[in-house]
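Following: one structure in structure tokens, then a few remarks.
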């Protein structure tokens, strides 16, 4: 019950705690893309959709910027809950924007691409956020600054992946295999995000136990 | 005395750097000062006690509980000021402390606001509680950090360099505040300010290379330099400086006819860390 | 700027060059470009030509922009400390601009090696690219580095670099799509794609590539002048240089189209 009340109180403060300007920027650019795009083919609709997915990922990595991270590190509200609150705030923006994008561009696409492009967005988003959480664990208070260029670099990397491992493919015969890879990336990203969002003490204890069993060190609590 | 902080053979390594190396010490209610040169492991120790870090080996018990297994219970009874606190600068002082209070599970609005006003008053920021943090001076921001650490009357208060950037008046006010808190609670104070330690602390732990090289009272630390501090008309000893009276205050092995003076905690600390040869085994 | 002040710039520039070359995004750019050329370079005359002349612009240029921006803005938190140093911000900006020559030199070398590999392997192209065409990629890498520094100086806010890159992409797309004005874009693929699967030779878009290279060089210098203008004590000088560069951009820009 306390957690729910806390979440509600924190949600009211989210405008000051979370960097929302990039999300607003992404919203504006997405709007422009949607108004501007006049797809003649399904490919002409897919690329703007992919651009919107990248934009939303770019904007969402800034929600983890926390100038007061050091101060609030030992509060009773666990790290995963604080991270989840921030990601929840990002999703409140992302889900409707993506929904509207699908409504606008979806009619031009083969039906399966509604799912595929959503898997692509989820994969990019989760991997981008996992990378950002990793940067916060390394002590960065503004991980978005480094994470956003990394998202661009990562997107280019995905773009250049050659035939057998291509992910941003348009060839119908590769769709299923490519999106299986996207799904795997999504799963890996989710696992990494969950792992990185755990309390650092809990993580390092597990790491220590692993290292301890190798080095014969005594482990806390044993 | 109940031991509220118990560390036994604690080791913490970052990559190849061993920040804490078999650290063992015990302390209880009252103010304990942590002294040590840069890189001695003070901040790592404070972060470990704040349950932000876990030890690689050894055990840490705080307020009678295991610091890893029972960290949530410990965090509910903990106040922490990090060495380099950051703030969302768009917040006013009140809003920021209120934000931390919510994170500390104070969900009742009226009680929380009363508590926020109390701690802001304790650090003398009532007049600026409506001002945005970005408009405050460095010292005032430090006081905001101290205020949030005092929320909820924590039983264990960890303060990393709390007086850095405070003006003399605020430092005295801070001493008053900490000594009052330390009357019935455990306060650990990591600092380079030996005057603060001398004025406030009942116990001192000196760290060097991640291990405790001294644990005792300020008087015992001062006693380490007994007979090794003297004044003379010329520079002598291994470390000396000219005083306002034009004499030289020397630390080290004193000559037989030396004009010995009463040592300070700083003298004991310097001798202990081996910056000057000590006749007292560390 | 005193002689002593100027003497500080070369060692500082070398230091910044090393940081820039070691930056993960610079390494990623090189890797992306190699991957891309490895896949497309020998796939046919059209992709072979595109890979050698145009791929570097996006796959190395974009990471180079962010790398330079991050390196230039890394000192943001230490600005107060650094501002008290005898080497002022304008000299540090100058050193960063010079450091952009590091990735440029690396991209020139890489481009030369790849061109050599094309020749050794006898890669069949419709025609071998001219020096100006080969220079488009490295010039874009140079411009990306200088623009990254300029953005760090003029727009030092989180996310600003992403917005600038987005604007560049949109601007390039708009220009590239316009008949007869594609050479004004930063990304130019001269090989006509022809019918799917776009592998065969299908001719080239018209345009004076020598002037296009000069146009790109002028834009690079413009980005450098823009970076320098922010903190220089000699504002008039850099405004004058900027005006000359704008003139060069206009002359070469219009000239290349005719």
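By written order: A, B and C. Residues from 1 in each chain.
As a convention for this text, contacts are C-beta pairs under 8 Å (C-beta built on N, C-alpha and C of every residue); 3 or more make two chains touch, one makes a residue touch a chain.
Owing to the predicted nature of the structure, the values given are computational and were not obtained by experimental measurement.
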Of all other chains, the one whose Cα centre sits farthest from chain A: B
Chain whose Cα centroid lies nearest the overall Cα centroid: A
Between chain A and chain C, centroid-to-centroid distance (C-alpha), Å: 30
Whole-Å gap separating chain A and chain B, where each centre is the average of the chain's CA atoms: 39
Separation of mean Cα positions, chain C and chain B [Å, integer]: 51
Touching two or more other chains - residue numbers and ranges from chain A: none
Overlap residues in chain B, where contacts from two or more other chains coincide: none
Chain A contact footprint on chain C (complex, rising order): 25, 28-29, 31-32, 35-36, 38-39, 58-59, 62-63, 66-67, 69-70, 73, 158-159, 161-163, 165-166
In the complex, chain B residues that touch chain A: 9, 11, 50-60, 66-69, 71-72, 75-76, 78, 80-82, 84-91, 95-96, 99-100, 102-105, 107, 145, 148
Residue numbers on chain A that touch chain C, as the complex places them: 19, 21-22, 25, 29, 55, 58-59, 62, 65, 142, 144-146, 148-150, 152-153, 156-157, 160-163
Chain B partner contacts - residues on chain A that touch it in the complex: 2, 5-6, 9-10, 13, 16-17, 66-78, 82, 141, 199-202, 204-205, 208, 211-212, 217-221
